[in-house]
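In the two complexes that follow, chain A is the common piece, with chain B as its partner first and chain C second.
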Partner chain A sequence: MLRLLRISSEGTGYVYTNTRVRVMKSKLLSRDDFEKLMKMSIAEISRFLEEREYKKEFDELGRLLSGTNLIEYALNRNLEDQFSSILKFSVRNAKEELALYLKKFDIISIKTVLRGNISGIQDEIVANELITAGSLSKAFFKELLERTGNFEEVVEYLKNTEYYPILKKYRSDMPTLEDELDKYYYDTLLKSVSRNLLEFIKHEITSKNMAIEARAKKHKVVFKKMRGGKSYSEDLYDSPELRLKLRKDFVSRALKLISKFSHDITPVIAYFVAKENEVSNIRIIVRGKKAGLSEADMRHQLIIGE
Partner chain B sequence: MQTVKPSRSELLNLKSRLKLAFSGYSVLKKKRDSLIREFFLLLKGISYSSAELEGKYKQAIGAINVARAIEGTQFVRAVSFAPKKKIDLDVRSRRIMNVAVPVITFDKSGQQFHDRGYGLIGTSGYIDDAYESYEDVIRKVLEIAEVEIAMRKLLVEIDKTKRKVNSLEYKIIPEIEESIKEVRQRLEEMERENLFRLKRLKSKKEKQAAS
Partner chain C sequence: MEVDMQMADVNTGLIAIGAGLAIGLSALGAGIAEKDIGAAAVGASAEKEGFFAKGLIMTVLPETLIIFGLVVAILILGLAQ
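Right after this comes the complex of A and B.
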């Protein structure tokens, strides 16, 4: 305990946080595990996951859900819990940077609440679809949904958050509001993270820019590239192959960084990407099995590290 | 059957009613045949459209399954809350053989990206694919709805016309013909009676003159 305190009291807190996350990394599913999952039925996958890291979430949600939905919601709940616990035990600079990175979940949740509010979706249904793995807790969003009735009230409730100016400025144009929130997220990261992580973020922005440019071209929409991304020369047009390529490039890069020794928080961010990828891989297998996809089709979509 | 007065004027009246019934019967029969022809034309189109709808629906299910697998059900559902622009529908009516049927017009090119209500950066091509697939399904449903409503209305009209034709063919026309036959027989009988009476009067007068 004393040792942990000493570590955490040193400098930036990167080493302490990285060390603790390295233990979590060892619990990620391996290539062999995914091979086994491919051969299992959905019920067997449920049992397999219950015996691993996901028991608590399966127990919590087992009364309400079943089958593929149970697996999917349990995976997301586990992801929420893990990211929140990492944010909780991290210290100093590490905590600040992780909180910045995880704000993407806050932004997704705010967008979900606003969309639900405009479209008149019941609060309970909106609450079910929130993944609160960022700085804003489940309790915060529960209260937000309970205390507000319309779009204006939601915006006013978020008055003390950094997103308020954007929410106020673009309140009448939801798609632009969503894009501005995302741009703000990446701009904040670019301004605030350490050098090594900055490279990773720039790569993420580049990947996003490529995907969005391809979609914008397909839908004949004018899109200005996000700041911070690297330049590229490819002529892009949206297709499932391009999406898969970009996803694979981004995730594979993160999976390589996860085990590298680094004097910053990059391995933890890489762990976040790896964990999201694990959840995505299991989801692809489970949903693929339910939809009757062949093993080859599912394997094509999976991204598995070495 | 109504009892008819056996008179020449009634016979003329019945004959004109029969003529009218025959002409009505012929018009209604033509109308029924035209309605049936129109109905089958629509049916031919709709059976092709239904197969197309089934294909599009399967495609949409596939696209949403891929989106759910890659992006996650919670994310897909969250995006589905986005305030979409409603499809502008213009419902007017046209007439097929005097039957009012709807004409549904809407923009078949699909909505602009901005009208979908969600942003570009935080979503993906998988969401776009699912959105477009379901948009295709809705467009097809509207096309089929227009034809299906027209077919239902035509069916009601065909049934009504068929009943009228049948009623003319099997009830009204035979009844008028029967009445005409009866009046004719009565008139002939009356003519024979008159002739017989005149003959008797004549022979009576001849007997009186002889005596």
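Right after this comes the complex of A and C.
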């Protein structure tokens, strides 16, 4: 009887987390909102976003920044806050699996810090670019940036993290180091996710493989596929159109999964993709406005679900 | 005579067990049904307060199962006389 009760209670954590995330999805910007944004000036866009889900971040950063910089950093900060809060309120199995997925942001942040270090970008700018929603905290990266100077010091500072063996092994070759970090992440993830989510992750890997292969072919460099992706037969050559098509396929697949009932974290992962897409759409509009793009050009770049 | 009395007691006992099972199992079923709905309702109303009333109504819907169980239990108990 106890066993029966335990089995029947296993899904409850997913139900709670998934429903809460579905409500959050209803607060994402709609097609009409994006149409309105395209007709606004940068200052009006700031005001519009301030009245929506981005209020907290605009209030925090508004004293230090303004214009497009304020919007860019507020968007990053909002992603970080939302993803961390989802991890915080998720329960039981959902929490463990989400923590594993969110390690993606550890990898992205480590790459950003290393690239910033190589290119000699100011610590403050690097810190604002980071999305620390993974297992390594904002305070950790802040200290890392303050205490380290050169590339070797950054790698040594990460000694107690699970990524250190890879960082140490490939420290002399940055492109391979980046590939190996991605491979490590996806290998760990593929080992522990449910069947439903596995399909989605495989699709994510395939779409990354396709994008990287296209770029490798364009620049005539050797490319090794990441394990776990599906095979594809298209002859790929990097172009803005291809990149847009791959992103559109991936995002539209994710948007369909948010409302699908499942006893795993697929809807939450799909929400992450949808939220990242919203941020990327706002960024396209803001940068497009700054560069003087026409509304039709911006609309072509946007990916908006039904 | 004594044997008849004993048989009557056993029958009454079995009827009581049947009535207990009817209400107990239906309550267990309602509980299993409510746990997911309740979790979802709490999740939804945590994000948007407007969902509280809707969530509450949805959560208590499986309670009807217990009413059916109760009716069946009363009918079974009627056999005892």
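The rule we apply is simple: the second predicted complex is superposed on the first by the 285 of 306 C-alpha atoms of A that agree within 3 Å, B and C clash if a C-alpha of one lies under 4 Å from a C-alpha of the other, contacts with A are read in each partner's own complex, and residues count from 1 in each chain.
We take it that contacts are C-beta pairs under 8 Å (C-beta built on N, C-alpha and C of every residue); 3 or more make two chains touch, one makes a residue touch a chain.
No experiment lies behind these values; they were computed from the predicted model shown.
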Next on the checklist: Tell me the contact category for A:A43 with respect to chain B and chain C: first, second, both or neither.
Outcome noted: neither
Checklist entry - What is the contact status of A:I212 with respect to chain B (first) and chain C (second): first, second, both, or neither? => result first
Item to check | Per-residue touch tally on chain A - higher for chain B or for chain C | outcome: B
Next on the checklist: Tell me the contact category for A:T19 with respect to chain B and chain C: first, second, both or neither.
Outcome noted: second
Next on the checklist: Applying the document's definition of touch, where does A:A291 land relative to chain B and chain C: first, second, both, or neither?
Outcome noted: first
Next on the checklist: One more residue to check, A:Y73. First (chain B), second (chain C), both or neither?
Outcome noted: first
Next on the checklist: By the touch definition at the top of the document, which applies to A:L64: first (chain B), second (chain C), both, or neither?
Outcome noted: neither
Checklist entry - In the superposed arrangement, which partner chain does A:I118 touch: chain B (first), chain C (second), both, or neither? => result first
Checklist entry - Which of the two partners, first being chain B and second being chain C, lies in contact with A:L177: first, second, both, or neither? => result first
Next on the checklist: For the complex, give me every residue of chain B touching chain A.
Outcome noted: 62, 65-66, 68-70, 72-75, 77-79, 81-83, 113-114, 116-122, 124-126, 128
Next on the checklist: If we count contacts the way the header does, which residues on chain A are in touch with chain C in the complex?
Outcome noted: 8-9, 11-13, 15-20, 22-24, 26, 89
Checklist entry - Mind pulling up the chain A residues that touch chain B in the complex? => result 69, 72-73, 76, 107-108, 111-112, 115-116, 118-119, 121, 126, 128-131, 174-179, 181-183, 208, 211-212, 214-216, 218-221, 223, 226, 238-240, 242-243, 247, 279-280, 283-284, 287-288, 290-291, 301
Checklist entry - In their complex, what parts of chain C are in touch with chain A? => result 32, 35-36, 39-44, 46-48, 51
